[in-house]
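The structures come next, written out as structure tokens.
Both complexes below contain chain A, partnered by chain B and then by chain C.
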Partner chain A sequence: MSRTRLIFLAITAVISLLYVYMTWIFSPPDAILGENVRIFFQHVAPALVSYGLFGGTLLCGVMYLWKGDLKYDILGAVSIKLGLLFTTITLLSGMMWADAAWGTPWNWDPRETTTLILWVAYACILAYRASVSDRESRAQFGSIFGIVAFPMVILSYLSIRIWETLHPIVIEPSGLQMEVEHMMTLLVAMIAVTFIALIMVELTYKVDSAQEKLMRIKMERS
Partner chain B sequence: MQQVELFVVAVILWGGIFAFLAYLLLRMIGIEKQLKIVESQVEGDQ
Partner chain C sequence: MTSGFGAALAIAKKDIVTQFRKKFEAFSMFLFALIAVLAFSFAVVTGGVVPEEVGSALLWVIIFFTGMFGFAPIFLSESETGTLRGLATAPIPAWSVYLGKVIYGFFLMGLVEIFLVPIISVLFGFSILNDLPLAIATLLVGTLDLAAVGSMASALTMPSESKATVFPLVYFPTATSGLMLLIEITKIIVLGPGLIPVLLIFEILLAHLIAMLTLSASVFHFALSP
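Up next, the complex of A and B:
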């Protein structure tokens, strides 16, 4: 393992521990939500990271169609897999929060609904990729679908501004509408989850590239 | 929900993430070893 990678892993471990400390000890209970405010830090950070990952899919799709290099296709597929993982965490933590704040885990709120549609859209792309055996069409159509699905991310983000919603609007043009301690905790949560996601992207990319290479060698030999 | 209940849920959630990270790391080590063996076999054939 290279020195840079070790340093990055050490920084991620320290920030993750800080994230745990700030979420459970440093952060005070909210005046309205009480202890349930702690769900907020498990909810917002994965949500924003999943948007970033789907943005990565869009970029990789464009790069693949432009350059035709398979590494972009593999990276795009990795971003979808991990984006789905973080969206699942967002949906689950969101359901917990909704249950605590509004009395029911699912309200068909615009943000909930658009995030669910987003999850289904990217899951369909993964299902499509798994069902096509021709490598080139899988990469081409997979990239196109990855690009076409991205407006759903924007719609999910903007849904609370477009439609009437129960979901609180925390990020305003004037700044974050929350207490300073909560703001600091959210910042640390964002950094920790982003770093964890980056490590996951690298590991998954390496596994998928090696698997692809192995399959190619096996096919050439047979 | 009480803080302890929330903490237990968070441990399950993030425990899952870290277990997945560990699985990815082990898988990467395994597949890279396998790739090296296959590549040396290909070189041997040539």
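Up next, the complex of A and C:
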């Protein structure tokens, strides 16, 4: 393992421990939400990271179509898989929070609904990719699909500003509408989850690249 | 060399003429829409009436599903008849092929909607006449948005081995964002102004249409190349 990677892993471990400390000990209970506010950090950070990962799919799609290098396609598919994982965490933590704050786990709130649609949409891209057997076509058409599906991410983000919603608008142009301690905890949560996501992206990319190579060797031999 | 827009119009004209020869496609779409109206009526009619907000929302849901019939064969038929290669190698920009198909999709859906919208509004008991200019603008932009998405979805199904199964998988993720906005605008037209300014949502819908058209047209040459 290279020195840079070890340093990055160590930093991620330290920030992750800080994230746990700040979420459960440092952060004070909220005036309205009480202790339930702690779910907020496990909910918002994965949500923003999943948006970033789906943005990564868009970027990788553009890069593949531009450069024609298969590594961008593998990376784009990895972004979808991990984006789905983080969206699942967002949905589950959101349901826990909704149950505590609003009385039921699912309220058909616009943000809830658009996030579930986002999950289904990107799962559809994975299913679509699996239906194309030709490797080059899968990369080419999968990249296009990853690009044209992106407006759904923007709509999901904007949903609480378009529709009447139970979700509070936390991120305003003037800044974050929350207590300083909560703001600091959210910032640390964001950094920790982003770093964890980056490590997962690298690992999954390596596994998928190895599988790709294995498939090519098998095809060449047959 | 033919100009891009001229080529797009020629492609759209070719498809419209072919459609008029076949006739059954638009009629089948219309019949499917009526079947959907009846099927939904079992779920939403209570005491002989349908709540206005439910009826107006179902209008776009039915148009959305009807679009699957119309848009799915847009490129599939070219692929099956072997004319897709001709379109790909023709001395015209790739975006004009896409635009031609969008115009055809818009025409086909528009043709069905001319009959469908009044029938659905009578059967489900809601009126879009409260704000006719906005209703017409929404129908035009909404249909164009679905045609833009549907044409791209049809192109994306070409390399797949199970084309018929895959089309909804491509159509749903790309069309849902527009569908949600269309339902919201139509609800406001039918029920009257709410807390959210309708023009803001219409502007977002317009932005969605422009984004879909631009994104799809700019990457379409990759979909045509082997």
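The criterion applied here is as follows: the second predicted complex is superposed on the first by the 222 of 222 C-alpha atoms of A that agree within 3 Å, B and C clash if a C-alpha of one lies under 4 Å from a C-alpha of the other, contacts with A are read in each partner's own complex, and residues count from 1 in each chain.
The working rule: contacts are C-beta pairs under 8 Å (C-beta built on N, C-alpha and C of every residue); 3 or more make two chains touch, one makes a residue touch a chain.
Please read these numbers as outputs of a predicted model, since none were measured by experiment.
Participant: Please indicate which partner A:Ala100 is in contact with in the superposed arrangement: first for chain B, second for chain C, both, or neither.
Facilitator: Once the two structures are laid over each other on A, A:Ala100 reaches chain B alone.
Participant: Scan A:Ile89 for contacts with chain B and chain C and give back first, second, both or neither.
Facilitator: first
Participant: Touching A:Phe145 in the superposition: chain B (first), chain C (second), both, neither?
Facilitator: After superposing on A, A:Phe145 lies in contact with chain C but is clear of chain B.
Participant: Could you say whether A:Val207 touches chain B, chain C, both of them, or neither, answering first, second, both or neither?
Facilitator: In the superposition, A:Val207 touches chain B alone.
Participant: Looking at the overlay, does A:Ile191 come into contact with chain B only (first), chain C only (second), both, or neither?
Facilitator: A:Ile191: touches no partner chain.
Participant: Going by the contact rule set out at the top, does A:Met178 touch chain B (first), chain C (second), both, or neither?
Facilitator: After superposition on chain A, A:Met178 lies in contact with neither partner.
Participant: Please report the chain A residues shared by its interface with chain B and its interface with chain C.
Facilitator: none
Participant: With touch defined as at the start, can you tell me which chain B residues reach chain A in the complex?
Facilitator: Those residues of chain B that touch chain A are 1-3, 6-7, 9-10, 13-14, 17, 20-21, 24-25, 27-28, 31-32, 34-35, 38-39, 42, 45.
Participant: So in the complex, which bits of chain C are touching chain A?
Facilitator: Residue list for chain C touching chain A: 149, 152, 156, 158-162, 165-166, 169-170, 172-174, 176-177, 180-181, 184, 194-196, 200-201, 204, 208, 211-212, 215-216, 219, 222-223, 225.
Participant: Touching chain C in the complex: which residues of chain A?
Facilitator: For this pair, the touching residues of chain A are 65, 114, 117, 120-122, 124-125, 127-128, 131-134, 137-138, 140-141, 143-145, 147-152, 155, 158, 162-164.
Participant: Using the touch rule from the top, collect the residues of chain A that touch chain B in their complex.
Facilitator: 23-24, 35-36, 38-39, 42, 85, 89, 92-93, 96, 100, 196, 199-200, 203-204, 206-207, 210-211, 213-214, 217-218, 221
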